[in-house]
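There are structures below to look over.
One chain, chain A, appears in both complexes that follow, with chain B as partner in the first and chain C in the second.
Right, the complex of A and B next:
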């Protein structure tokens, strides 16, 4: 396998003189991933420069221009209190991206240690952790997040925690199954025979060698989290209004569906574009990191 | 087989107990005091003694573990308590609302299975044609669609612009079949298309894998008609991973049903759970969570059993 890929490399001239990491080259050959990366970079740019590029203050109400259709002054129209939809969409990018990334980080922080512990110790610890995860998965994700959010209140941090907690189940299961196979490898058993401490065994030997599917799942998870945040905001449980989020913009669009149908397109299309981009990048990463996983994640 | 079943049943009971304890505990940290749901918002009219008495009547003054075991022992014999909001028995509320949710979930599941597997198989058989490209790319978009946005688009097109289907109002299929179907088409589609996309991708990839196997070539070379090769040899052998996805979908559908019920004003248990959560109506929330958890646990169990039916090589000794 390695011989083949080095041979292939020798045949194909490198596009740049920089020594790009192998996975990045692979990812850039994957056309859809490139599309995804471009959209993600664009939306990160929009989020970071929101205060510069948005034409209006996203909270500024204008009672002379309620529910206006798109016009030159307001390219995407105005909402029911006359706020500029373009500016709200731009600011909403900040919330969606932050929640998406934060949820995935939280999911990994909860899920990965649990999965590694379960695989490493086995026996009743494994059984207890896995039943806990089964129990978590038996509660519909949205209900679990609703319960957590009603308790904690809606802010970026609590929404991310609620979504991350739900996403962590998949992370635990993935890393556990990888770590179980690492446990049988010679290098791991050699390290154990040399008397390496349990902590080091778990986090220096087991974790880095089973992390690949977690990375793939994480990039897909950003999309799930953005969808989840939108759903919670839609039910009025996400980040509290008037902070603009794509979800609560859609909820307002639903309330004004007949009088101002133009309100539903911008946030909906933004969600679809960003979510699809993360899933393209996830697919690309999966094919590059471990083609055997194709169709399994 | 019996041993496997008993083992899985034991696990299911443990998971069920853990879910109930987790939710029971989580409810007690809700900021909303259930007393407001019991007596209404004007609790100022009550003296502290009266409030204490009401709490005692509902058993809310006992230590948490005692409350939990009281709840559990009543729950297993079918006494699910009374709603804090209106004093009605929870079982009666569930009886009235659950059929709507089941009708919604089953319809969405059927749409997912029918559209998903058929387009997946067609895409696999017509690999690398424009049909494959259309099916694969629409599945990608469908997976990135929030269910409620899809619902908005459907409402806008079919109810507002074309005025073909009603947005609100719902009926049960055995009471008013025509209106039930008319009013359910949009919710079914909104909830079912995500599943169709997942199933489409899975059945396409596993169908492609199976079609490359030796036994397919053998079947073809001995002159088995192509239709039989596809249905009897290939499809059956590619169903296994598809069934796994189907089992996982149940949880997603139950979660998604909450938003869809709120949007289409369907009086199901999803909508009921949203109000119950905001009112800290403990008995109702417990009942809804337990029903969802049971549905998910049973779906997983059925998935495992379906494996050995689809693939007799899998035996649970």
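Right, the complex of A and C next:
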């Protein structure tokens, strides 16, 4: 996305320590990221104020208005039991964003410590952790999530865990490779020579210096998790109905594709927009945080 | 090593000796074979003394220092033999937790690259304070206050402001001052400076060296300077150890080593230092050839292939360290001839 940077942007003075951090300024110059950020903030706002802005109760059924097309009363129409699609979309935002963020947090909580441990200790500990991750990666992600959900049952927590567990392998590998290079840096040696304890070496010296690619990966991961949740819900394994999620709305739309094709657009477009937004922001973060590109954006 | 011999040898250490390294050997197991990076090296440093360890790259200087700190990466490295007596105990026998107390607390170390030896994501103040909090048990506030004093003492201007700076906002010389502040923060008995001035430009080198000497002399801290630049050493070191291919080849007072060099390698090193007074005609002397493959050393003296004094004997027998003067030792069969040639 560096092509978007122009000469006039390069002329802008460097951030001083009293202003916004440099990476944020860089991100705001990245036009697609700004688009992504706007969509993300908008959906977060929608999710937080769902109970205020949604016109109906998302679970309230109305058998006089089944599969209605969009109208003044129901801007996005109603589904096969007469529930208002607008309200369901708004409440679905809550679930989708929560699952997206929670999965990434869980992925980081599992993946990052494992990667740091592997890099720091090396030897058989490294081999054991990495072979475990290799084995896990040999199982297709969706199958692993399905297996977990079949045993655990579908709720926000279990879906997030299933998706986060799948995402954690990439985080481990990423942070391990970074941490291995940090391990060879002189400041790490110097910290050792200062008598810093292993725990602090790992989590104060190694981790903050290896975290950047993980942050990028995480922002891309949110989109991936939202997509994953939709996929699982579509297969009937996601958050249990009647709780509205974008995934199970899509699934219901698919069931009524012939009689009410308008039902697939709201959840479909929402998923595409939000997933793309997280990708844009992740892309922007990568450009901004990559030292090789620093100063060129 | 049994406990009794350990105890006996402890008593032999003179009271003002800070560090006494005996028969230290460190090896690296690589695919090419076992590399004896440090081979049976002994030396000691006294309180307030400045010891220089000199030699080309790859001769074992840095590995000696890392062995003393027990920071040799294991595997592939391994300290196979010897003792490192410090403060009445053998550092090689300590448990890891005890060794951690020694590192930074009693022995400070400064590394070669000032540009990379500070953690890029921590402020200067936090990095100095970290050491104080670990070894002195200070509270964060007390440690930060002390850190500021230390910054002032190593000659950093605007110490108050610099405390909140990140390393990338400072110059190389300033960063090396910060490194000195960190290394000296816990009033160590010994400071090891591993090529601490090599990466700096010449004027800054002199300032940093002066600073190192000043801060260590003030507190009678022993200082080990590891360098390949004999010019640096000449002025400041009390004693000089010359290493080659993992072994100590010559050791003596700075004056003896310079004026009465007894090892051809020392002569070569001195000859390769640019000298303003020398004629500008001709080229700078250099030592022909390169350091031998440490995994496959020749049977005799390791320096023999490059030596202008070499005899038949040198090809088969490796000379041991012999006295060539008062407190002056060298490992060369032709030491007298070498000294006579100067």
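Going forward, the second predicted complex is superposed on the first by the 273 of 297 C-alpha atoms of A that agree within 3 Å, B and C clash if a C-alpha of one lies under 4 Å from a C-alpha of the other, contacts with A are read in each partner's own complex, and residues count from 1 in each chain.
Throughout what follows, a residue touches a chain if its C-beta (ideal position, glycine included) is under 8 Å from a C-beta of that chain, and two chains touch if they have at least 3 such contacts.
Please read these numbers as outputs of a predicted model, since none were measured by experiment.
Superimposing the complexes on chain A yields a three-chain arrangement in which chain B and chain C fit side by side. Of the two partner chains placed by superposition, A:98 touches none, neither chain B nor chain C.
Using the contact criterion defined above for the overlaid structures, shared-chain residue A:131 touches chain B, although it does not reach chain C. In the superposed pair of complexes, A:155 makes contact with neither chain B nor chain C.
With both complexes superposed, B is the one of chain B and chain C in contact with more chain A residues. Residue contacts after overlaying the shared chain place A:240 against neither chain B nor chain C. When both complexes are overlaid on chain A, the residue A:208 reaches chain C alone and has no touch with chain B. Once the two complexes are laid over each other on the shared chain, residue contacts for A:256 go to neither chain B nor chain C.
In the superposition on chain A, A:191 contacts chain C only, with no contact to chain B.
When the two complexes are laid on top of each other via chain A, the two nearest Cα atoms from chain B and chain C are 13 angstrom apart. Overlaid on A, the two complexes show chain B and chain C touching no common residue of chain A.
Those residues of chain B lying in contact with chain A across their complex are 11, 14-16, 18-19, 22-23, 26-27, 29-32, 140-141, 143-149, 152-153, 155-156, 160, 201-202, 205-206, 209, 241, 251-252, 254-256, 258-259, 262-263, 273-274, 277-278, 285, 288-289, 292-293, 296-297.
On the side of chain C, the complex with chain A involves touching residues 69, 71, 75, 100-105, 108-109, 111-113, 116-122, 130-131, 134-135, 164, 179, 182.
Partner chain C is touched in their complex by these residues of chain A: 17, 123, 185-197, 204-205, 208-209.
The residues of chain A lying in touch with chain B in their complex are 131-132, 134-143, 146-148, 150-151, 153, 223, 227, 230-231, 234-235, 250, 253-254, 257-258, 261, 264, 267-268, 271-273, 275-276, 279, 294-295.
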